[in-house]
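Take a look at the structures listed below.
Both complexes below contain chain A, partnered by chain B and then by chain C.
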Partner chain A sequence: MKHSTFFWFVLPSAILMLLFIALPIVSVVTQSVYAAHEQVVVTVENCGPFGCTQTTAIDQEATQALREAEPLGKYVGTDIYTDRNHLAFAEVGGAWREAEGLPDFGAALMNLPFYRAMAFTLTYTFIVTPLTIIAGFAIALVVNTVAQWLKGPTIFLSLLPMVVTPIVGGLALFWMVDARGILGGALQWLADDPTLSVKADTTLMWIMLMVYGVWHSAPFAFVVFYAGLQTVNQDTIEAAIIDGASRWERIRYVVIPHLVPLTTFVALIQLMDNFRVFEPLVSFQAQAHAQSLSYFIFSDLGGETRLLSSAAATSVLTIIGVAILLSPVLVRTYRDFTPRT
Partner chain B sequence: MNMMKTALFGTAMAVLTGTTALAGGHGCAVTEGRINIVGNEFPAIQSVAAAALACADGITAESNLTSEHQTINVAGMQGNPAEYTSAIIANSSIVALINEDVIRPLDDLVAEYGQDIPARQLITIDGKVMAVAFMANAQHLVYRKDVLEQIGMDVPTSYEEVLAAAEKIRAEGIMENPVGGAYAAGWNLAEEFVNMYLGAGGAFFEPGTPNVSINNAQGVAALEMMKALTEYMNPDFLTHDSNATSAEWEAGNVALMNMWGSRTGVLMDDEGSAMEVYSNTVAGGPLTVGDSGVPASTLWWDGWTVAKNISDEEAAATFQALAHATSPALLNDETMSQAVWLMDGFEPEPVNEGVLATVAAGANPYPMLPFMGLLHSALGDNLADYLQGNESAEQALADVEAAYTAAAKEQGYLQ
Partner chain C sequence: MSSIATKRPLPVMVIATVFLLLWLVIAAFPFLWTTWGSFKVEGDFFSKANWLNAIIGPLTTAETGASFTGQGYYGAWVQEEFWRAAMNTVIVCVCVVSISLTCGTLGGYALARSGFRYAFWFLFFALIFRAMPPITLVSGYLLPFFEWNLWGHLYTTIIVLVAINQPFTLWMLHSFFKNIPADLDESAMVDGCNRFQAFRHVIIPIMWPGVITTGLFSFLLAYNDFAVTIMLLTKENQTMVPKIVSFLGTTQTKGNVMFAVAAAVSITAPLFVMIMFFQRQIVSGLTAGAVKG
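Moving on, here comes the complex of A and B:
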């Protein structure tokens, strides 16, 4: 391809990526290094139906002048990144100096919101991603072998979890695991413990969230693997059969090697999605037991006082986290596609 | 409190002299400008918004009532011209609108169109009218008359008595988890702490400063009482918001709970629960904790504001329509029991008694401070750990203080 042809070919998508991906990131990074101005607070009398009280309010005129002088706010560098609600450098350092042994340090670390969220998010990512791939692959193998007339309905049913809006799917499961719901009741019966409650126990809540995660994203892996299965070379399969390979051996030595590049693709997408886990935390009302960086962004922006800089800093940390997670897979892909010299 | 008495007195006068105001949407036709109201969604606010929109005569009039109103009202009023000409808010959420400077002082509009609005409805900050309140709200005890009769105990007036009654109900095998409460981690849990901490005699900030101080004896006492109560709650309490708690009540699983006055109407009507439950549901007074003498509850008002970034015609139209919608003309058989209205002509019904008792008992209003929202969020995020038994009360309170301090630094309240 000529250079000029290539240039005109990619120009539209380059412009769109610049506008909708690069610029928002620049804006978020900018926001995250600025904080609100020092508030000019005055004491005022506040009267209403319950009488009058002395209270404080923001001096709007003084604040207006400050805002006009520096519309972005006060430059604070990386202060927000390192404060207690994010990376908490000072608190981590203090805990390290004062901790009596590693378990004590771990407990102190888990008391800080960022590290506690990371503990859940990483556990979730590294358990849900492989299970999703395995479940998706298994479903694809099964669907591939069912009779032709049954394939349509089977594929439709297998895709349902992905079709259902995450919030709705999460809510449906939330009510089913309620102590008086069908799954919650069944668990109580199985464990022979009438006080067992999934929603009250952190471990059970984590398991529930991960089960939901696999249930929701297995169809995606299934669709990709099912498409891949259609391209398996039938001659190779027949040759393997003639050689006396069992069904398991055919899968192990013919099908799986053929699907490895697809696995990389599914893993990439799933690592990214799972690191940003959010909807199940909302629909399971799980904030007492599990948090994620995305959930922090949501609560920073949804509170009575919006914390824009805090949300921006958490967004940047999420991007960095995703980049770190994906780097091994990306390096591997790069190596595979670079001709060896 | 005095003002509330005046309100009740006014009510009595209105009834005696038969000056019941005209019903319906007459006498409020607004013919120029624009009305667009954003607000929370519950029956009283729906009635107010509908009455305001009925005043529109040939002009654009819309409302957007949603429980997510807090996340959209600032954004919807920051533009110029603003999308919303009015936001219906409460004493906690008006702070965000004032902080962002998106609502206008109403003094000139009150002088021109609102001479009839009684002074108790006007919310003034630093001498300027910033909102017009139309209803009062508070949390108070709701109890099952039949269950208390069954165990032979009086109606509790303190949380200590609630615990004693709960123990007896459980011991007699009437209910396994007789206490209810909106303890869902987040806003609800923080609100319960705010109630309990004020009831224990605590103050949130060092006087006149944004420096938080809750890690003290009152804070620990408040948390310990909350934990003691949770022993008698459904084990899922950290996921139960006001809606879920009301559902537990209507299912007949709960006999004692601290609940919003604005929600008692739903509990006492014949929809959604068995007769045994709704006919025995009674709105009690506020509860106390310890011996501070202050009720463990906060007083709330709901009111309306007018946006700053709109034309004067739009502001006048919005003001006139809402002033009419929150005048005695609103009150009729259907709307009367929806809230504790602040207008003349309001006649309290049994469902309203809890809120009136809370006002009469001298509960504190929810603090209207610019940085209170930050503390409320920090409380909502950090108290669940203690209630689950993962850490000490002191540690949980220290975490709240640290989280608040970091957020207040970012917002420029602390250096």
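Moving on, here comes the complex of A and C:
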């Protein structure tokens, strides 16, 4: 294909991605080194019959004018990154000096909002991803044994948790584990504790969010593994049986090695997607117990005062996190496309 | 199919069946439960006294005179004007799917046919963009959109969703076009077509299976999106997903949570129908990138 033809064919996509993905990244980086202008304070001297008093007042008009003239705010360098709501160098340093042992230091870190969000995001990512793969693999194995005419309906039901809007899927679970819902009631009965509530307990909330995560992504792993199982060589399986391999050994030494490339694919996609976990936290109204990096940005952006600079700094840190997680995927893609010599 | 490799002893069959049934219940029960409960009143759907209340509905009978009630649906669709949000969702989805497929087929075709190095780098950057959490991009949009008065309109959201969709669309259609033999369009070009005519007369008539699959995923992304629609739309322009979340914020009034339940069921219904008709395409789309690679 000629260079010029290629250029015209990809132009619409290229413009879209440049304007709405590449430039916003630049915009986020820029915003993160500027902070909103502080309010303009004027000192007014009121002189009355009993002498003069000085009062300070906020000059609303001047503040408004300044903010409109320079919407980005004033340049503050990396101040936002190091403040208490982000990397909190001063607080971390203080905690390190005062902490008695690592657990104490960890507890001190958990009081800082950014580290708390980071801790949840990483825990979620690295617990949900392997569980998703195991669940998906197990479901694929059993669906593969189902009679042909039942496969359609089985796959239909299995796809539901993934295809349905994440917010709605999360809400459906949340209403069930509500203290007055069916699962919440069952939990109270099991634990023999009528005051037990997932909404009020941090550990339970974390577990619930991760259960949701596995529930939501297991269908994806299932579908990929199921497709992989269709291509397992039946002759190899029969040969293994003749050689005396048990059922488990056949799975362990024939099926699993066949599915390893798929497993890396699923793992990489899941790592990327779980790292941006966001919707379940909204559905479960979990902000008091768990915050992810995405939710942290969301809560800065929402509300009356939009903390754009703070959100931008968290966004940059999140993008760095994504880049670290993504590097193995990129290396793999690069290798796949480089012609083998 | 009757080879010895597929024969199974009884205990294995029993364990497999039990596990499968368990999974199907876990996967589908929440939706069944919510759908059933959406026709009850709040006191039954959230019943402290007895979980059976949500099934039988004694309070629903006491309050409304029948064991099923459409109050939640009436409240959501008529009183809280959920239909407006549904209209917005339709507009957004139709526009996002058609625009992203138009740009995506052109781009994906070119990427599949160009043997040059830059085509690879294009896809490489698309992959990086695919990994960006949408909410980080949203925090980049807000300030410029406020400054240029682009914030709050449906068309801004549509174009943003198209752009966020583009990397995935390009990758999927690229691998799809790779599987259409290049001989087809090359022979058309030997016969005197230029590149665009070859695309128009040879490729377009045979590309629909791949385009439909990709379109389904574009639709799902636009339909299910929350991060972009909640931050970029005004209250009047809200689509269905942010609207449901806004019901949750006003649960002080009794019965409002049932509006959210009814709305949640309403938003799921079209997806049910979609999976029923396009199950094969969804499955093939999910595996396209994985199995061939």
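The rule we apply is simple: the second predicted complex is superposed on the first by the 270 of 341 C-alpha atoms of A that agree within 3 Å, B and C clash if a C-alpha of one lies under 4 Å from a C-alpha of the other, contacts with A are read in each partner's own complex, and residues count from 1 in each chain.
We take it that a contact is a pair of C-beta atoms (placed from the backbone, for glycine too) under 8 Å apart; a residue touches a chain by one contact, two chains touch by 3 or more.
Being a predicted model, the structure only gives us computed values, none of them experimental.
Asks: Touching A:L122, do we find chain B (first), chain C (second), both, or neither?
Replies: The answer is neither, since A:L122 touches no partner chain.
Asks: Quick one: is A:K199 in contact with chain B, with chain C, with both, or with neither? Answer first, second, both or neither.
Replies: A:K199 sits against chain B, while chain C stays out of touch.
Asks: Is A:F20 in contact with chain B, with chain C, with both, or with neither (first, second, both, neither)?
Replies: Touch partner of A:F20: chain C, not chain B.
Asks: Applying the document's definition of touching, compare chain B and chain C: which contacts more of chain A?
Replies: C
Asks: Which holds for A:A288: it touches chain B only (first), chain C only (second), both, or neither?
Replies: The first partner, chain B, only.
Asks: Output check: A:I58 vs chain B and chain C. Expected answer is one of first, second, both, neither. What do you get?
Replies: first
Asks: State whether A:D178 touches chain B only (first), chain C only (second), both chains, or neither.
Replies: So A:D178 meets both chain B and chain C here.
Asks: A:A245 in the overlay: touching chain B, chain C, both, or neither? Say first, second, both or neither.
Replies: neither
Asks: Is A:V44 contacted by the first partner chain B, the second partner chain C, both or neither?
Replies: Touch status of A:V44: first partner only.
Asks: Just chain B (first), just chain C (second), both, or neither: which does A:P161 touch?
Replies: second
Asks: By the touch definition above, which chain A residues appear in both interfaces, chain B in one complex and chain C in the other?
Replies: Common to the two interfaces on chain A: residues 178-179, 285, 301-302, 306.
Asks: For chain C, which residues are in contact with chain A within the complex?
Replies: Residues of chain C touching chain A: 3-5, 8, 12-13, 16-17, 19-20, 23-24, 26-28, 30-31, 33-34, 37, 45-48, 51, 54, 102-104, 106-107, 109-111, 113-116, 119-120, 122-144, 146-147, 159-160, 162-164, 166-167, 170, 195-196, 220, 223-224, 226-227, 230-231, 241, 244-245, 248, 260-261, 264, 267-268, 271, 274-276, 279, 282-283, 286-287, 289-291, 293.
Asks: Report the residues of chain A in contact with chain B in the complex, numbered from low to high.
Replies: 35-39, 41-51, 53, 55-58, 60, 63-64, 74, 79-80, 83-85, 91, 111, 113, 178-179, 195, 197, 199-200, 202, 284-289, 299, 301-307, 309-310
Asks: So in the complex, the part of chain A that touches chain C is made up of which residues?
Replies: Per the stated touch rule, the residues are 1-3, 5-6, 9-10, 12-14, 16-17, 19-28, 31, 71-72, 138-139, 141-143, 145-146, 152, 154-161, 163-169, 171-173, 175-176, 178-182, 185-186, 215, 219-220, 223-224, 226-228, 231, 234, 237-238, 241, 247, 261-262, 265-266, 272, 275-276, 278-279, 282, 285, 293-294, 297-298, 300-302, 306, 308, 311-312, 314-315, 318-319, 322, 325-326, 329-330, 333-334, 336-337.
Asks: Can you list the chain B residues touching chain A in their complex?
Replies: 1-4, 7, 70-71, 74, 91-93, 95-96, 98-99, 101, 120-127, 133, 136, 184-186, 208, 210, 234-239, 241, 299, 301, 342, 359, 365, 367-371, 373-374, 376-377, 381, 384-385, 388, 391, 395, 399, 402-403, 405-407, 409-413, 415
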